[in-house]
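To keep things simple, chains are lettered A, B, C and D as they appear, and every chain counts its residues starting from 1.
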Amino acid sequence: MPKSKKEKLLHLFNNVARIAQTFGMRLSFDDQDRATISLPYNPDLDHGLGCTHGGAIATLLDNAGWFTCALAHRGDGWIATSQLSLHLLLPAEKTDLRARAEIIKSGKRQDVAEMRCWDANDNLVAHASGTFIYLENLPFEKLKES
Amino acid sequence: MPKSKKEKLLHLFNNVARIAQTFGMRLSFDDQDRATISLPYNPDLDHGLGCTHGGAIATLLDNAGWFTCALAHRGDGWIATSQLSLHLLLPAEKTDLRARAEIIKSGKRQDVAEMRCWDANDNLVAHASGTFIYLENLPFEKLKES
Amino acid sequence: MPKSKKEKLLHLFNNVARIAQTFGMRLSFDDQDRATISLPYNPDLDHGLGCTHGGAIATLLDNAGWFTCALAHRGDGWIATSQLSLHLLLPAEKTDLRARAEIIKSGKRQDVAEMRCWDANDNLVAHASGTFIYLENLPFEKLKES
Amino acid sequence: MPKSKKEKLLHLFNNVARIAQTFGMRLSFDDQDRATISLPYNPDLDHGLGCTHGGAIATLLDNAGWFTCALAHRGDGWIATSQLSLHLLLPAEKTDLRARAEIIKSGKRQDVAEMRCWDANDNLVAHASGTFIYLENLPFEKLKES
């Protein structure tokens, strides 16, 4: 039985993406098809003062937006993050993190999404918006699947 | 002999920051005191389609800005990235990367800096601007130094 | 009877701010103290292709965030927009517009807010986030009041 | 003799755009084809505390980027500002302003540009970056020309 688009995306992140394994991130979709990226606390992502680096948080936010838009995208093609604006609101000190996205606007050429990241106590750690543009030259079929 | 601020910052990134070791990033300052972050190609930071993840590039950009502003900051205190806006311009496929920052405006409460990231062929891969606010409660002395 | 902070802010925008009169914008607060800026269609703000200029929309978004944060701010001082990130989602063609803000994070040094702008048919025309920093040197008393 | 693209763009802003007349802005191109927008001090654009409103500055920045990218764009079509990130660095108090753009990356689907705005004393008042996407449905010919 052929895989659904959602299954392909889950496979792409949870089994293929090297950075997901390096960080220890995991992708799931909720019942509204919003991507959630979970990151159990990983000390290997701490900056020099002992909190999770903002760049790691940016990675969660970007992934949440990308996979939400990739699933929503109707075409056979691919998407790319072209732009990301983020606010880091609180330090994330030795805490699990999770990020989730919502689509603000789905357009012909691109989607705009909003992403939020919370710590283990449901404090909002970061907020972002981003632009995810549609590409035509990278069909899913290019992906090697197990 | 006590360490200079520059030596402390180099130590903080190159010896203390766990994420720097995880990524394989290294900090240096040029003769204009601009921080440069170098990242030799690391396949463990690839996304599912085989290029360096945008979140890893965001990490380079953020670090370049943070360390440039931290060195320029006159006070004894600390700084924090409060905001980052970035454009991802080209895919970074199996290439070394380096990011560098320049201060746009140094203010009483915060600095604004601009950051650029290039690949091994000097193609501009990403561009960003960010806000780095001054904090008072985290003096350098809190840092454990070897 | 002395004016409340809310009355002072309404006066500041609706009676003092020259740009509010030039544009024809009006400020109100809803029952959750979120600032709303209304702009009846004004052809004098059209760009060369006959839609309301994105800079006018940015002005609505900025005002909505600024006045929401100014009202929420506990101190006697003042605030300033230090940073704004916006997505223009749809052209606004000969339509009334309204923008509204919500605070994402209220901090010691600054607030971060999210702003949205809709047209007369409730289409989301633009989305933004911004940073509003606290200043200490510009008390309300500096304002000439009628 | 048919007008060049540059002449058409100058005409579009300096003669057609209503907001340019409302603000008193004027477009020119320098010898590197970078758009410059000049705004002699206009008290009708002051906010309630007597400085030029940040939304007016955003308008200058947006225009500088838009016209620089519109001139550089090879196709017959049109462009639209899809995203803008700006830092307001200094208050602009009763001063002339000018904004200028430079293209950071010219792509197949969109351009990314950087914009700066200075006051009459050459102080950098604001810095921005933006995304200008290509459209196909709005050819120049739609423009009524005198």
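In this section, a residue touches a chain if its C-beta (ideal position, glycine included) is under 8 Å from a C-beta of that chain, and two chains touch if they have at least 3 such contacts.
Predicted model only: the values in this text are computed from it and were never measured.
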Notebook entry, point to check: Between A-D, A-B or C-D, which repeats the contact pattern of B-C in over half of its pairs?
Noted result: A-D
Checklist line | Proportion of interface numbers common to chain A and chain B (over half same, under half different) | finding: same
Next item on the list: Go ahead and align chain C to its copy chain D using Cα positions, then give the rotation in degrees, nearest 5.
Entry: 180
Notebook entry, point to check: If you average the CA atoms of chain A and of chain B, how many Å lie between those two points?
Noted result: 22
Check: So what's the Cα centroid distance for chain B and chain D, whole Å?
Finding: 31
Note to self: Counting only residues that touch at least two other chains, what does the list for chain A look like?
What the structure shows: 82-83, 85, 87, 131
Notebook entry, point to check: Within the complex, which stretch of chain B touches chain A?
Noted result: 12-13, 16-22, 43-49, 53-56, 58-60, 62-63, 78, 80-88, 91, 138, 142-143
Item checked: chain D residues within the chain B interface of the complex -> 85, 87, 89-90, 104-105, 107, 112, 114, 124, 127, 129, 131
Note to self: Under the definition above, what is the set of chain B residues touching chain C in their complex?
What the structure shows: 82-83, 85, 109-110, 131, 133
